[in-house]
Each structure stands twice: as structure tokens, then as C-alpha cells.
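We just call them A, B, C and D in the order they show up, numbering each chain from 1.
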Amino acid sequence: MNEIKLVSRTGGTNTHIQIGRLTVGLDFILIAGPCSVENEIQTLEIARAVQAAGADMLRGGAFKPRTSPYAFQGLGLKGLKILAMAREETGLPIVSEVLDTRDVAWMCDYVDVLQIGARNIQNFPLLKEAGKARKPVLLKRGMHSTLSEWLNCAEYILSEGNPNVILCERGIRTFETYTRNTLDLSAVPAIKELSHLPVIVDPAHGTGRVSLIAPMSLAAVASGADGLIIEVHGDPKMALSDSDQALTPQQFLAVSRKIRSLRLFMESLN
Amino acid sequence: MNEIKLVSRTGGTNTHIQIGRLTVGLDFILIAGPCSVENEIQTLEIARAVQAAGADMLRGGAFKPRTSPYAFQGLGLKGLKILAMAREETGLPIVSEVLDTRDVAWMCDYVDVLQIGARNIQNFPLLKEAGKARKPVLLKRGMHSTLSEWLNCAEYILSEGNPNVILCERGIRTFETYTRNTLDLSAVPAIKELSHLPVIVDPAHGTGRVSLIAPMSLAAVASGADGLIIEVHGDPKMALSDSDQALTPQQFLAVSRKIRSLRLFMESLN
Amino acid sequence: MNEIKLVSRTGGTNTHIQIGRLTVGLDFILIAGPCSVENEIQTLEIARAVQAAGADMLRGGAFKPRTSPYAFQGLGLKGLKILAMAREETGLPIVSEVLDTRDVAWMCDYVDVLQIGARNIQNFPLLKEAGKARKPVLLKRGMHSTLSEWLNCAEYILSEGNPNVILCERGIRTFETYTRNTLDLSAVPAIKELSHLPVIVDPAHGTGRVSLIAPMSLAAVASGADGLIIEVHGDPKMALSDSDQALTPQQFLAVSRKIRSLRLFMESLN
Amino acid sequence: MNEIKLVSRTGGTNTHIQIGRLTVGLDFILIAGPCSVENEIQTLEIARAVQAAGADMLRGGAFKPRTSPYAFQGLGLKGLKILAMAREETGLPIVSEVLDTRDVAWMCDYVDVLQIGARNIQNFPLLKEAGKARKPVLLKRGMHSTLSEWLNCAEYILSEGNPNVILCERGIRTFETYTRNTLDLSAVPAIKELSHLPVIVDPAHGTGRVSLIAPMSLAAVASGADGLIIEVHGDPKMALSDSDQALTPQQFLAVSRKIRSLRLFMESLN
């Protein structure tokens, strides 16, 4: 029941997705940037810093899914325009989250990868719209999604005609309270035996603690992940969202070097 | 942090919502009907049967959020028209789920209560649209929602101007596998101490087992719930969705009588 | 796999356990008393109060399983002697928890029912010793136990020769933080369709909140439970353990009356 | 509340535990062997094979905590004697689980490390006995233990006088069903910031799938673990317990080489 077809391992060879100069699924990709686009200066500074530190793509939220209606909800179109400026200057492809079916089509003019977040994992109309979009989709696991359900969500996108889905493990909700979520790294090799889609890891949301981002990034590389997405902010304590889990550009540079080095070592190990 | 305002117990007196002849929050409401609207004959037959058995409103899904893209997705507009016919004939107000921001406004022409399901609990654009709608909203708890998060979702709706929210406990996801979800009845008195909104219970989704619907319905009444929503199907084994958790009209009649009787007793107990 | 035999519904008719004048599984039993036996005066006062309020048995911990080694660990033998005095005076049978295989045999000289707590649910040597004991066993569900695992733990006791097991639902561990645990009342009718053993409910541990004890006690009765076990303390704020979830004798009296009244009503409903 | 003292990071420098030629907490330790000691020939063959493949210690269960009373419960004393023979022949220190307070003292004559399993994580009398034992203790995380609770369990052992505790992450219970448990690798760096105790990882119980043992072993090394404990069986399909999650000696050899190689690389990275 609920069997996957198009995303199944038996449904095809490893998916490779060309984004700019990168081939996701082949090259290891490092996506970095602020949780939220706050303003032009902040975003351009972070964009330059993460590019200098070796990031392959820029992430940044223009539409933010926030628990409270009174929390910062993102800059919307203005935020997307700032991201487009950052791409103009740095050449980094842009990853940004879409929340509303009405926004999918026009957001493709601004972003290179549409992110669908954990809270929308079973927003099926949104998945279907993403399936009709002409951009790759970064599909985060829901905080309550089994692997089977997550793959079925990807199946919604592929079955509408878009084969370019990147899965992203970002932690599941458990009883543990020390970490914000429990990062399930076993999902990486598990997804690889179930599906041909690439899978990356989000250690910042997965743990919610700056101190755990570096070790869990390295563990993700060793588990076989195809990339990482990491929150970076020039002044994390002042960030308008997720201030507890963003690296400074300096911290990102240090972990980025270890990540690249470990990835090379892992390739030599196989 | 994430403090609720408008939905808070301190934010107002008990909310009463007038729907037809009923006052939700004051009268005990019994909502019944098929998981999916499958066709006109099926729906009208069930509508008549649940009305005869004492139901106050008719539920039925025209847009179905299904794990797999290959499962029955609902009849859409056609389903809503069938529900409107059932209301015409029986006088029962209609509760039906909305999945897409683009559908909220026009669906209000067909339904009396907009349901937002567990999978869309943090679909914030949908909550905002529902907040602008001119119909009451039945807001199910997400399978991974804490009480605090759930109430914040209701806050999204109230903060957009719609005060008429009915909360619905429908089970949370746990490690237990005997039941489909774990029905958290403690949510009923807990919500009542945190908020002034009415709260009802869905014992069918909450347990996923026909045999547990009756005892959990009675337990919900004893816990102080303002109502129940129960799946009823003329031939559950042939249902296009949720065939394992629907009562027959005869079973519904039997449990409906006990529910009403227990509710009267509970009122005498206080 | 892991199929139960002796505890299975098909393995026998409803188990009735004679304890003093009571027949557990037939009579509704109300067990009340302090979390910990703290001293003679406290215990005797509570014993008299709960007896006056209609309790059928006295609970009280002499050996306490505490998260921290620096928390009060119970009075041990001295506590059991105090409980025996309370029985002497009130005639109430005694329920007390055993933690160690070495204590099972001799504790039977002091208690009428051996309690095995949630933390020892898979302490198999302890279950086996309890299976050899000549006293009934109150077996609490583990905070992580599936129904299947829980029944297998009871099977350990029955397979060693002791048929007198009372199951006790006390909440499972979930992601919710408002309540200490999530009380799974669906376990009551579920266990009744799987097994012939009696099942009672612990609403104090199940919720961890005084305000939720009364509504969840009533919900437990409506779900079909064979009894309740409730913490009562003369001065809850000063209790050496579980001070947040004990009723005063006055509160217990009020809820006890409603419980008995509802139970009578439920019997008339069937 | 429930604050740890002796096991706290601030309570001491990194704990080093001498076991034979190894210093746990400094050397990376690889523990391997069968789930259960089944007979002399099986155990000696596996002991020789894992030694040849680079294991540092031999694990093997003589007392098995099994869900069902009708499942194989271990060979008991006979199993311990077989393990002692294996140590005699190979020189590998022995790790074996203790279930009962009555067995702690005499089992120290046979084993080098006492294992306390997930099911006994809050069997406080057993923790206290282990605290009085003259052998190091391998303390597995409970399937429902928060990090705080787990460390408090270690505190029980240290507070009784035994400073030699090795923590072992073995997966927690979540809603996911593809894996037997969810291996929480973030526990490794989290424990290292909270405590000075060494922490190892059990990828076989943590995932319950042979195919995931190798990638999760490598991920554990990258996360900073002090060692691994891996089930190895000469003929996994015929194993009397845990047949789905044991490596063959050949598979263990292959992963063992990668583990050692990656560990060396990780040391060079810091």
C-alpha cells in the first residue's frame, strides 16, 4: 500500500540535477545562508562570506512559516528581489522556500531551487504545483514523516512531471528536549536504498544547537549525504529567526573546510 | 515566547458559534458522515441515515489529502455540489475540508464549516485565508502538534478576523502501532483551561479502529468535549478511503444514543 | 511473533481477583494514597481520609524509583511497616511498588498487591519473581511500551504461575510537554479486546497536572476501566515526591463521588 | 532539578578507563560478537573471526532480555563460562549484559565489562549494584531516555563509587518503522559537551538493518564517538536472537577497516 513508483530505487538510475555549474547527486553541494532575508546589506554580506567560504548555493527565506502569527513573517517579494541581487553579484544559485500554491509559478522567476519545508510536507496541492514548476525542488522531511510518507510526497512531485527533487533530512520530532529535533542520519543510507533521489542534510534545524552543527555535518558526510544546508548569519544573536542555530561566517569557513576534506576522504574510502 | 493572545482563556469568555439551529460551545454537537463524498446516492443515503440517528451536521470530504498521489483524491467541486444537495434535503449543515488557499473563498458558497485537516495545521497561508473567510473553521490538531503550537495556529485565524474556530483533537503520532494514532483526550480539559474555544473529538481518526470508536466517544464526552465527529459509511468495507474506521448507520445509531444519554448525565453531574 | 498465550482474550474468561472484600475485574476499584510513605502520621492521616472518601485500597511507595540518585529514595522496610499499620487501622488493602528481585518474597508479608512500575516494565527477572509470588501484581505500562510489549510482560508473570495481574495505563512518552505523559485511554478498550485481564488507569502520572485528574478520571470510567489509582496527599506542596500531581483529601472526595456516580451510570448504559 | 554532579563535564576531566591493553576514552574501541552466546563452537569461531578482523573486545549475551517469555533467554552461567574460554583463547576482554541485582557480584568473575541494557536503564537497584562492582560498566541509553535522564542513571553508578562508566547510544524509539529504532548520533557530541564520560555507538540495535550498519558506523566515527559495538554472527540467519541485524565476519572485516581508516583521518582533521 502507498507504494512508490517513480521515486523508487527500481524506478530509475541515480538522479543527477544540473544547477548552474553543479550536478546535484554527483558533486557534493554546500548550501548556506541566513534563515530569513532581513535586508539587502545583511543578505549581500552573508552571500559574499559564504561564497568565500566555499558555499555552492545561497539559501534565504522570504516567506517564513512561523509558529506565531506575531513573529516575523519574511519580506516576501522584496526578499526575493534581494536574493536575486545576491545571485547577480556572487553567481550563487538561490534556494528559497515557497509556502503557497499561488506563489509557485512566479517565484520561479527569482529562485533556482524551490524549497518545500517540513510544515508543508503533506500540503498536497503545493506538492502538485511544485511538480508543474520548471525548477528543482528541495523537499524537506516533515517532523513527523516516516520515510515511506516522505517518499510518497516526492512521488507527488515526480508524478506531475518534475523529476528534479532533492530530499533533505532535517530532524524528526521525538521526546528528547536537549535538541530541537532528533536528526535521523540513518535516513540518508535508508533513502539511498529505497530511492534514486539525492539526499542532503540540515544539521542546524536537525539539532537546534550551534555546537552540534559541525560534528553532525561531518557525520552526515560520512553517512553518505549528497550535501548539506547550513544557516549562516553575520550576527546570529541579532537574527530575526533561528538565532540559536546559525553559524557565523568564520565558524562556517572552519566547518566547510573539514566537510570538503572529509568528503574527499570518503570518496577515497569506497 | 509564542504566546497566544486572542485564543487565550484570558482573552475572552467561552466562544459560542451559531451554526443553523445549533450553538457550538453550548450545545453538544454530533457531526457524522462519510470520509469521502463518493457519489450522489451514497452521500444522500448516509446523510439521511445520520440525520435519523441524531447527527447535527454532515461531514464529507470533496478534497482528500492522501499519502499517495495514486489514491482517490476526492470529487472536488462535484463533491461539494453533492454535499449541498444533501443539506438541501436534510437541513444538516455541511463540514468539508479545504486544502488550498485558492479554494477557501469559493468553497464558502457550499459549506457551513471549513475544515482544516491535521496535515495542514502549519500551512500558514491557508490559516490566514481561513481567517478572512466568513464561515466557522474546524481546526484539527496536527499529528505532531503540541497544544501550544495548535493554539498558535488558531491564533492565526483569529488574528485575521475570524473568531469562529472549533478545535478538534484527532490523535497524535506516537510509537504505538495497534492504533493508527494515540487519541489524547487530556487535550480536551487542557485546551479548556488554556483557551475559550470549543473543542471536539474525532475518535475514528484518533484510533483507526471501529471497535474503539464507541468507548472513546463516551470517554470524550466524559472528558468534557463539546462534540464529536464520526465517520459513517453505508458499506465501510467498500469505502474509497478510511474503510477501517467508519461505522455503519446502525452502529452510529447505537453509539449516538449512548453519547446523548451520557452527555445529559454529565451535565447533571456538575 | 511475540504472541501472547495465557493473557490473550482467547486464553480465558475475564480474570477476577479477590482482594479482601473486593473482586477486581468485577467491582470498580479506587486506589488512593500518597506517592511516597513519608512518615507514620502523614500516612495514617491520608489512609483515614481516603477511606472516608470511599477508597478501596491504599497506595504508598516505600521504594521510590527516582530519576536522580540524590532525590528521596523512600523509607524502605520502615515505610512498609507504616503501611501495614495503616491497613491494621483502616482495613484497606495495601498496594506498594517493588523494585528489586531480592525484595519480592519478603515484601509479600507487608503488601496485598505488588506494584511493578513503568521503569521496570522490561525488568524480566523482576517479572519472573512476581510470577512466583503469592500476591496479585499491579503492572503499569512502560512509558515506551506498545500494547503488545506490555501484554508480553504480563505473560512473563502468568507463565511463572501467578494469574492475578491487574494492568494499569499510566501514560506514554510523547513529544507533548504540557502534560508529563500522554494518557492513552484507548489502551483500556484495546486491552479489553486483546486480553481477559482487568485494566485500571492512573490519571495523576498520566497527566502530571492536578487540574486534569478529575476529567481524565471520568473519561477513564467512561472508556470502561476497571478502576483508578490516584495520588492523594494531605499537603501536596510539601510532598517529598510528585507534589504537582496529588489531590488533597477534599479534592479526592469530590472526584470520588463523581467517579462512583458515573460508574453506576455506565453500568446502566450497557 | 535532577542536576548531575559527578558525571558532569564540570565534574572532572575526560574519563579514561583501562581495560586490558586499551584505554577507553583515548583509544577508539571496537567491540564485536554475537547477540547471544549460543554454544561453545559458535562463540569461539566468532571470537577468533572478530579478533582477526580487528575487534578490541568480545561481546556476547548470556542473559537475554526478550520481549516474550517463550523466546530464547540465554545460556546463563554456561554462557559466561564459554565467554571466559573465548577470552582465554583470544585475549579479548569480555562485555556481557547483567539483568539482575543478584548476579552483579559473581558475574564480575567472568566478564571485563558489565553491560546494562536499554530495558534496565531505570532499574535503579541494578545501577546501584553496578556502582559497587569492581568492573567498568557499559550503560546503554534507554529507548525512551532523554540525555538528562541517561546521565542521571550514570550518576547513580558513579555516586556508589564506580567511576568507570562507558555510555552507549543505541537508538531511541520514535514513530519511524523502517528502522527498529532511530539512532540519535547527535547524542555523541551532546554527551561530550555535558559529561566527561566516554560514549560509544551501537549501530546494529540503533537501526535493526544490516545494510545500515556500515554507513552509520562511519557516521558515528565522524560524530566523535569513542568506539562502536557491533553484532557479528557466523550465520546471521540462524542466530537465536537479532538475526536481522548481525554482520557476517567478512562484512565486519570490511567495515572494520573503513572504521579504523576513518578514525585516523578524523584525528588528523582536528
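The definition used in the following text is that contacts are C-beta pairs under 8 Å (C-beta built on N, C-alpha and C of every residue); 3 or more make two chains touch, one makes a residue touch a chain.
All figures in this text were calculated on a predicted structure; none of them were measured in a lab.
> Between A-C and A-D, which chain pair is linked by the larger number of C-beta contacts?
Higher C-beta contact count between the two pairs: A-D.
> From the C-alpha centres, identify the chain that is farthest from chain D.
Looking at centroid distances, B is the chain farthest away.
> How big is the gap, in whole Å, between where the Cα atoms of chain A centre and where those of chain C centre?
The separation of the two C-alpha centroids amounts to 48 Å.
> Just how far, in Å, is the C-alpha centre of chain D from the one of chain A?
A distance of 34 Å separates the two centres.
> Find every residue in chain D that makes contact with two or more other chains and list them.
Residues 144, 173-175, 177 of chain D each touch two or more of the other chains.
> Sort out for me which residues of chain C touch chain D in the complex.
Those residues of chain C that touch chain D are 2-3, 5, 65-71, 73, 99-102, 119-120, 122-126, 128, 142-144, 149, 152, 155-156, 159-160, 173.
> Taking the complex as given, what residues does chain D use to touch chain A?
Chain D reaches chain A through residues 144, 146-148, 172, 174-179, 182-186, 188-190, 193, 206-207, 209, 211-212, 215-216, 218-224, 258, 261-262, 265-266, 269.
> Can you tell me which positions in chain A touch chain C when the two form their complex?
Contact set of chain A toward chain C: 173-175, 177.
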